[in-house]
Amino acid sequence: MVSAHSGDFVWRAGGALALYAERGYDVRIVCLSYGERGESQGLWRQEGMTLEKAKAGRRAEAEGAAEALGAAISFLDLGDYPLRIDDAGLDRIVGAMRSAQPELLLTHVANDPYNRDHDAAHEATLLARQVAQAAGHDRSTSPIGAPQVLQFEPHQPEQCGFAPNLLLDITPVFDRKRKAMECMGAQAHLVQYYTDLGLRRGVQAVRNGGARSIVQAEAYQRVFPIVGDVLL
Amino acid sequence: MVSAHSGDFVWRAGGALALYAERGYDVRIVCLSYGERGESQGLWRQEGMTLEKAKAGRRAEAEGAAEALGAAISFLDLGDYPLRIDDAGLDRIVGAMRSAQPELLLTHVANDPYNRDHDAAHEATLLARQVAQAAGHDRSTSPIGAPQVLQFEPHQPEQCGFAPNLLLDITPVFDRKRKAMECMGAQAHLVQYYTDLGLRRGVQAVRNGGARSIVQAEAYQRVFPIVGDVLL
Amino acid sequence: MVSAHSGDFVWRAGGALALYAERGYDVRIVCLSYGERGESQGLWRQEGMTLEKAKAGRRAEAEGAAEALGAAISFLDLGDYPLRIDDAGLDRIVGAMRSAQPELLLTHVANDPYNRDHDAAHEATLLARQVAQAAGHDRSTSPIGAPQVLQFEPHQPEQCGFAPNLLLDITPVFDRKRKAMECMGAQAHLVQYYTDLGLRRGVQAVRNGGARSIVQAEAYQRVFPIVGDVLL
Amino acid sequence: MVSAHSGDFVWRAGGALALYAERGYDVRIVCLSYGERGESQGLWRQEGMTLEKAKAGRRAEAEGAAEALGAAISFLDLGDYPLRIDDAGLDRIVGAMRSAQPELLLTHVANDPYNRDHDAAHEATLLARQVAQAAGHDRSTSPIGAPQVLQFEPHQPEQCGFAPNLLLDITPVFDRKRKAMECMGAQAHLVQYYTDLGLRRGVQAVRNGGARSIVQAEAYQRVFPIVGDVLL
Amino acid sequence: MVSAHSGDFVWRAGGALALYAERGYDVRIVCLSYGERGESQGLWRQEGMTLEKAKAGRRAEAEGAAEALGAAISFLDLGDYPLRIDDAGLDRIVGAMRSAQPELLLTHVANDPYNRDHDAAHEATLLARQVAQAAGHDRSTSPIGAPQVLQFEPHQPEQCGFAPNLLLDITPVFDRKRKAMECMGAQAHLVQYYTDLGLRRGVQAVRNGGARSIVQAEAYQRVFPIVGDVLL
Amino acid sequence: MVSAHSGDFVWRAGGALALYAERGYDVRIVCLSYGERGESQGLWRQEGMTLEKAKAGRRAEAEGAAEALGAAISFLDLGDYPLRIDDAGLDRIVGAMRSAQPELLLTHVANDPYNRDHDAAHEATLLARQVAQAAGHDRSTSPIGAPQVLQFEPHQPEQCGFAPNLLLDITPVFDRKRKAMECMGAQAHLVQYYTDLGLRRGVQAVRNGGARSIVQAEAYQRVFPIVGDVLL
């Protein structure tokens, strides 16, 4: 999972992460930045806040949330607003991919007019995936396969050309997601918003033929075709 | 499976049909027309051909192909080039859906500039699905659920806006598809073409992370989101 | 406002209708059908329901809702699931437009894969608008001008290519919309859903620069460019 | 050339028609309607106008324009606003195509929100082309090949998704186009407009690498790929 | 208003700028480059031209034009063909936004295949807007709100996916725009072109329901939804 | 022809290059990288491979292929996976364009989710074309005109939004393309794949109205409109 800022993974994909962690998968989160400048409104309202304090605060929150979800987390601290990913930053993402040998990657959409850091994270994910596949890159580590890339839901989906083609049932782990969301003190106004969104996607999942037991869901859009032997 | 002409189901979705038939599913094909006027070049080169003979010839071919695939087949004989689906025709498709209570529907793409009969079949499938869901339609039969609709690959995919999001492994049943294709005497020039296409989609499936054992595949594009508890 | 079924206008555009009614505009709703077959689940669960009873029930509900919104309502009874609009039906819509001389038209999106009746209503609105503009159509009534057409939000916006370019503040009239929604007994499960949606669009409106006083909003997508002397 | 109304061919493709007529091609125009109701504002301002008089007036204008361009013209009189093309109407278009054995077809764009008659003409052209290719259609005439279909420029190109991929130099025949435009008394306000548009497209043609001698051009968008042995 | 080169603001948005200046708004233009290399053909035909002379010439022209429009202008001199905006350049744009606290931003389209400097200006505008909103960016200045971003019309709109959704009446200030255009000696060939375009967009404005008094208009495409209490 | 890696020009545009070379055109290939890291799987399976050896091997292969096609080739060695084109690299591409004064440019598509190096090459081609046109760029060389840019077919066309609008008959030179493909030892698995693709595009060319003599074809998508005096 490649997250532009340290909160994105919680709101938008916390259910998926918890679901796979609970199933015993090795779930890893890479935060490209802490979202220290642009996504820490709560912190900047405090007297005497500095960039370092904001980063530390966000880091603590994100670590708490990751723990609640059952996932490992690392921080590349590349800066936010704007997030700029140079070759060294890219190499670290490639390194993380080669080390994890992922079956799946989760990241942002390609074109979010409200937040170009999200686009940068999307682009870096595709580019790092490509580099990590290269036979001639860093001969001391092994190339990865061809993992699917799933884009999670942006804050304003219709403005980002987001057309979900997967509604993931997160009902069994919604409690964990809720706990993770409650760790994010700097963005507390979003907890209710994403709780409601989970219900709305759940309703939609049932309407699209899902089991009636589905209460909460998360929406995703794949980049690559599914390969398999099942029509669905 | 809703097929505009009696050959379409063979070339484009024969593998999927055979796969599910072999797994014990009740696989049904509805041919809206025989393709008697526009897709029977081989027959019309014969001396003394008539519309009725062309239909009979196409029907025999299609029945042979369906048998090879292990699927049931029915013919609505609504006429081709152009295929026009009036309310009575629509009602028969609705009836077929209510009788089958399908988990999945296969049909054509929405916009094929070469062949508007395909568009008509796509539209009729969506419309019949909607009517078949209506609580107030024909109280003597039961509404259907919300089956996924998968569009199979058109002859010229890039001109039809076809963006496959499923590559289906049909390797285990390709022999059956080949046999079905060989039943289609009126379009014999297509056997080699669709055999090659199967290989090409198979190569693509492996490149997209599929098992190395995949030799042949078919491409599909879903209309609705997948609902489930697996990220893929 | 052209509504495919007798409930659509309430859920999706009730706020806009109430807002303009309150400002003294002559607000008129044309229901192409009652939604008697496909959108009256609540009614069809009752013993002894018939098509005529379903229509009467839906009509009563819709009249109540229109009254709550302060709008006039008429019913063309063209049938639903499928809604088919022939030349006579079209002429009645044209007549309604010429009689109203509308400054604005509200209707469905162009492409809703779940519900082709919505597409039919969209198409009929554009076509009737064009015919109503024709100098040579029915010389006893007057051509209309060039009213904007606004598409209201479909139930599953991302699957319909809906990209809202207007977030309408309906806070001052939300009580009226709520009352109108509560009239729709046959679809009572939707009241909470659309109440939540109003809040979600309200949050979005504030985020997009709207006044902090906005609580509820409705989303719209225009068909034609705005003409004016203000950049916004 | 399939024209929805009897004026469209002049404004939008008059240059192309004149160019090919001058080169000795057999250029034929099929007007599906006279545009008698919706595109004859000039006529309807006259006292005592009737539908028959409007048709006769438009027919005379169009015949004059076709003569100025050097093209043959026929009228199917299917009615306008709305233009409805039933099976009999379609058969006549198919017949015209089989008789002409065209190398090229010109028609309207697929989606003009201002004028659905244009869409109907586009759809009918694609459908008639398909039927005219069918081996089993009307054995007394010969199937056509696979002529390119070029969409000419709509009145408001950006609202119709029009993306021209051909700028046709009409400089040598612009005088003829001008003469043809001047025949269209019922729409005299358009002569200056389309004269200016010709210049604008001419400037664009030069900017896109065309010869400096180009003064006027017309814009087109092809439906099918070009086949050839030249990269351009 | 963020302009890639020092002429763009005149041709494409001069009317809007003049309109708002006349209404007493504080209108500011930021030119990212002078267009000294790529958009000064007139200057480079002069003997002994140098980059510095070209910049000075362009600057003088642009200052004259801005004065004619009633707007303030500043120049970031980031170089053109290609325009490259590094972090320092971005910071200056952010600074200009924070200082101006704009209600609206005008800039180029996202994808102009003829001129990637335009894309760079578009991207920089969205990115700078985002950074200028960040609570943690440069604590000595105040974050901005959520101003709308309007894309003005590119030179070849159909090739840039430009779909205008606002036609702005600039009739009352067209004289000022004309004067501003006449200041641009290095691109004198464009004065007539953009005068004609103004008329064409004016005709379109009237056709789309605008007042008959509209003579000239400019076309814009918004990036974000409008928020308001008016349907239009 | 601007090729991201040293093999791309062979597989995807070898026919076009050979065709024009045979006609006496001065055909030039610029390889931005050798594809040494990401597209040399065959080489990296050899013991003791190094980056320098991989580059040398790829260079030798590409020179052989270019010779077989009759084209000149040069290498900018900008690195692959990722390919990063800085200002110095861009200047070299601009220089190559100014020296060649091309009538046509061939390059990759804009958006290939599998391989962002292809996107980088596309972007660099558009940007270099723009800079090479600038009157004020490097006064010691001459600006170029406005050459068409043709995008050749990506490996997975449907995932890249590739919509070919030119099917180029390469039958007369297919032997040369085959020879060139056989030079590419590091990617030998692709020879059969692209031989089959040539046949498939050939079948499509005939179906789209091409001469029956066409056996192999290549597909292209233009960026800019064609300018000419022929409708096709």
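Structure notes:
By letter and in written order, the chains are A, B, C, D, E and F; residue numbering begins at 1 in each of them.
Rule of thumb we're sticking to: a residue touches a chain if its C-beta (ideal position, glycine included) is under 8 Å from a C-beta of that chain, and two chains touch if they have at least 3 such contacts.
By chain, UniProt protein names: A, B, C, D, E, F = 4-oxalomesaconate hydratase.
Predicted, not measured: the structure shown is a model, and the values here were computed from it.
Comparing the centres of all chains, each the average of its CA atoms, the largest separation from subunit B belongs to E. When the CA atoms of subunit A are superposed on subunit D, the rotation angle comes to 180 degrees, reported as a multiple of 5. Rounded to whole angstrom, the centroid-to-centroid distance between subunit A and subunit E, based on C-alpha atoms, equals 36 Å. Residues of subunit A found to touch two or more other chains are 159, 164, 204, 207, 219, 224-225. Interchain contacts (touch definition given at top) occur between A-B, A-C, A-E, A-F, B-C, B-D, B-F, C-D, C-E, D-E, D-F, E-F. Only residues 155-159, 161-164, 193, 196-197, 199-200, 203-204, 207, 219 of subunit B touch subunit F when the two sit together in their complex. Interface of subunit B with subunit A (complex): residues 16, 19-20, 104, 106, 145-148, 150, 164-169, 204-205, 207-210, 214, 217, 219-220, 222, 224-232.
Residues 87, 90, 123, 126-127, 130-131, 133-137, 149, 223-225 of subunit F are the ones that touch subunit E when the two sit in their complex. Considering their complex, residues 36-38, 40-41, 43-45, 49, 51, 54, 80-82, 84, 113-117, 159 of subunit A touch subunit E.
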